[in-house]
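Alright, structures below, take your time with them.
The following pair of complexes shares a single chain, chain A, combined with chain B in the former and chain C in the latter.
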Partner chain A sequence: MASGLRVSNLSLKYGGVSALCGLSMDLAPGEVIGLIGPNGSGKTSFLNLVTGFEFPTEGAIFFEGQELTGKSAQSIARKGIARTFQNLQVFSRLSVYENMRAGCHRCSKPSSSFWQFKAARNAEKERILSLLDCFSLADMALDTPEALTLVQLRQLDLARALASEPKLILLDEPAAGMTPYETDQLAKTLQDHVLNGRSAIIIEHKIDFIAALAKRTFVLSAGRAIADGPTDEVLCDKDVRRIYLGECG
Partner chain B sequence: MDVYTITVLANIALFSFLAISAWLLLLVGEISFGQQAYFAIGAYTGGVSTAVLQLPFGIALLMAIAAGGLFAGLVAIPAMRLSGLHFSIASLAFAELVRSVLNVFQYQRWVDGYLTGPDGVNGFRDIRWIYDAGIDPGTYFLMILGCLSVVMLGVVMASYGRGMTIVRSVGENRRLAAAQGMNATRVRIITASVAGAIAALGGTLYAHMATYIEPAQFGLMIGVHSLAYGLIGGMGTVFGPLLGVLIDIGALETLRIFSGYRMIFFGGLVALVLIMRPRGILDEATVAKVQRWLRG
Partner chain C sequence: MVDFIQNTLDGIALGSAYALLALGFTLIFGVMGRLNIAYGPCIMIGVFAGAGVYSDLTQSIVMIFVATLAGTILASAYVERVSFAAIRADAALASMVSTFAVWMQLEEIVAHLFPARTYAFKELGHLSLIEAGPFFLRQESLFMLLVTLAVLLGLALVLGRSHFGLELRALTDSRRAAIISGINVRRIIFLTFLLAAMIGGVAGFMIAMSDGQVTPKFGLWATMKGLVAMVIGGLASLRGAVLGGMLLGIIEAQAQWYFGASVREILVYAILFAALILLPRGILGGPHTVWRS
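For the complex of A and B:
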């Protein structure tokens, strides 16, 4: 059965501290989920577990029917799961173009002849330039990331994740540090170029951003799921508004 | 060109192999003080192949490359579990181990009335293939240059493909590289193996030019210099380590004004460059600027 991501009873402990506790989630192919919760609720830990950067204390993770639990980060990336990072991570010594080439690594195939290699390289170049164009970075392809603004760096992080043509993309606070205008622009870019039929989990503190992109929202608090359902309903939930949005009464 | 000039240029070319070898490991994020071990392995393997086993020079080159690559790969498998200072110390320990083994390694045979082959601490005499084959110093220099060009072309081709991007990605941020589907351990082992093969190629060419080699020639200082060449010349391009060799051997060692003070100037230069340009003269940013300028 072609299924998306399935997480069952996932727990993560750092010594005596529980970062995640018995979390279960199903993500259908093409579905976009917003993952919200207060700081320290385990959102990034969840992404780290799915992408193999950390290993769960208990529970299992499946993607397209294959178990990912205990697999290394690179083997999970090769299965078509890409991610961005809350703490911006780019290859600062590589040019913007080379950062994108690094992102293309997952979907590269060995060539049997020089001409096939050249054709693949040209196709890759076109794809990279088209992606950079989507994020208004094409003019900066030969620059190193130190010449980029924070917003452009976030866009590069996103564009690089997309370069691998992922089936599932995990975005960890992609709009952090952006102005409302920039956030709106990013939401539009995501809608047009990233989320068209692709599964995604988006972590973000900007509720309007989540509401614009995700039909379903999952709420974490202290490592436990406290709500899961249609975004508009979840955002009206009394407990969610009290715990996450800080509303009284 | 007179023989002295040819010898200086040949030395620059020969040490470039070692410099490129150490530079590759710097790119993948490791500081190796031990690339001279593979230079020595190449020198002895190549020397034994032509002088003792009487094999053709081309086969000797291939055997040296294979031996250097194989040893470097085998050493890298456990060594790449280490990183940073621990890896550096391990690389140095291996180089000293190789030198100690060569100090007691004996494999001498009578060939055409000469007793030839490695004789432990007394060294390895009569690696005289270039003289037996009637190759003059100028021609041999061109052969060295040809081999160096092939190595550099290989690095340029790896940049044209995705090879160097992968190496640099792993060298800068293994976690992020893993998120792109790169197997950092495999990349580091392959890079170490290629670096070992390049050093061994330089070693065998050196042995045939020098005709006499001994374990003492492959000491720590060669390793430190080969590392410094990449640091001075720059990490942004394969021409960086060559620039480093050119500055040290081409200028400091050759020019008489530095006579007796070479190491003082060299040490000072390394310190100065590391303070002012931590990634070397031809660093990544400079190379990016040049590329932008070349593309208009």
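For the complex of A and C:
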């Protein structure tokens, strides 16, 4: 596959402990995959490998035909892969607007004249305000993240990731700590503003959330892929229900 | 009271140079979370480059300034490459020891290239005192203060208005978030070293011009004054660096007047000890401050 994400035989070991064993996955452009599995099954390690925060012991990662294996996290981000972390990663001393500007990095291009620079700045401002509006954060643009609730912080984290106009977005438990109502709202926002034609991998323990957003689900257990297929089928799979959902029989 | 106010005025002028030294330390500490104790010796390289140009090439103040700045920037770029870029991000102690090794290298280089030890530096000239009622102000002190204010204004504009400033502030806030945002961390660190070098070069130029001479002890002196001012004002706080520099200048001026030069240094380091015990993060550092603009 020349485009999208291709992961081949990916392994990660910490000393004698295997976090991931021979994982392979293909993600087509525009496809959304739910990545589920028990705690410690290697979901976040997988995202760390794809985004260059860790390097695989074996295997290779390709995005749009280019090999990412061994590339630095910032160069991978510049290729159009954005991510969020389970632990929020916002700039606590920058305003909400500045957080977004920092996220626009991939889109900013050198200007040859003052007017071009001014026009680019104005376009960036409009894009940021429009994104903040999507996440109901426009009124808080000048506030620092200290003034935001947990839900708003998660939205800011997400909005900043989107500010770079990524081709692929990796979301690590975006609904963690949210009430069912907030989770539904987030799913709707993701559907309307984030996943419209954009590739994504979503890690989440809330199965309804995954079912609402991802047509395909990938299941990890102890670093190995145990299921991969249409979400409704995977969630009915006996092994998945036994290992992940703790059902007997 | 007149003496006290006069000393305070003299101290503010002296402290403005200290503030610039502390700012350089703070900028590097902010982005790296590590101490660059070779910062003073880098400035020493700069002022010796300026002294070399003054003694051998030209008396042009512009050329001497350019040489001072260029020397400081080159030495700082060298320190960044060998003591920071080449050493793993999680090896802060190795980095600090490495800057000590570079310090020794830079002093040896100066000792070889400038064997006479003490060299004349371009002076502002014998300027008359400015009189305001019972108070006097040296014109070079006023010049130092004005240049410091201009540097502070320029720094505020760079940090607050430019994309580089935003990236620098983002990096000092959260390295991980900066990386996932695609910010080129290595480039920002390198540019921050150059920015700190420029500020240090300006400070070194003003101090050397005020003294009219330079010696290899300049490196140690600049490192100590910058470090003390940074620690008193607030570790990793830019406002703290300015406050710490000014306070240090005022304390020194008062101590010199009331107790003499020998007691001055003892008092300054006693205050440093007290600050470390009572306010380990300095006056504006706050309990959890990593970096504040």
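In the analysis below, the second predicted complex is superposed on the first by the 247 of 249 C-alpha atoms of A that agree within 3 Å, B and C clash if a C-alpha of one lies under 4 Å from a C-alpha of the other, contacts with A are read in each partner's own complex, and residues count from 1 in each chain.
As a convention for this text, a residue touches a chain if its C-beta (ideal position, glycine included) is under 8 Å from a C-beta of that chain, and two chains touch if they have at least 3 such contacts.
Please read all numbers here as calculations on a predicted model, not as lab measurements.
After superposition on chain A, the partners chain B and chain C collide with one another. Applying the stated contact rule after C-alpha superposition, one finds that A:Thr51 touches each of chain B and chain C.
In the superposition on chain A, A:Ala176 contacts neither chain B nor chain C. Contacts of A:Ile207 after superposition on the shared chain: neither chain B nor chain C is touched. In the superposition on chain A, A:Ala102 makes contact with both chain B and chain C. In the superposition on chain A, A:Leu142 contacts chain B only, with no contact to chain C. When the two complexes are overlaid on their common chain A, residue A:Arg83 makes contact with chain B and with chain C alike. In the superposition on chain A, contact of A:Gln74 is made with both chain B and chain C.
Set side by side, chain B and chain C differ in how many residues of chain A they touch, and the one touching more is B.
Of the two partner chains, both chain B and chain C are touched by A:Arg93.
Common to the chain B-facing and chain C-facing surfaces of chain A are residues 51, 53, 73-74, 77-78, 82-83, 85, 89-94, 98, 101-103, 105-106, 108, 160, 164. Across the complex, chain A is touched by residues 160-162, 165-166, 168-169, 172-173, 175-184, 235, 279, 284-285, 288, 291-292, 295 of chain B. Every residue of chain C that touches chain A in the complex is listed here, in rising order: 163, 166-167, 169-170, 173-174, 176-185, 291-293.
Within the complex formed with chain B, the chain A residues making contact are 51-53, 72-75, 77-78, 82-83, 85, 89-95, 98, 101-106, 108, 117, 121, 142-144, 146, 160, 164.
The residues of chain A lying in touch with chain C in their complex are 51, 53, 73-74, 77-78, 82-83, 85, 89-94, 98, 101-103, 105-106, 108, 160-161, 164.
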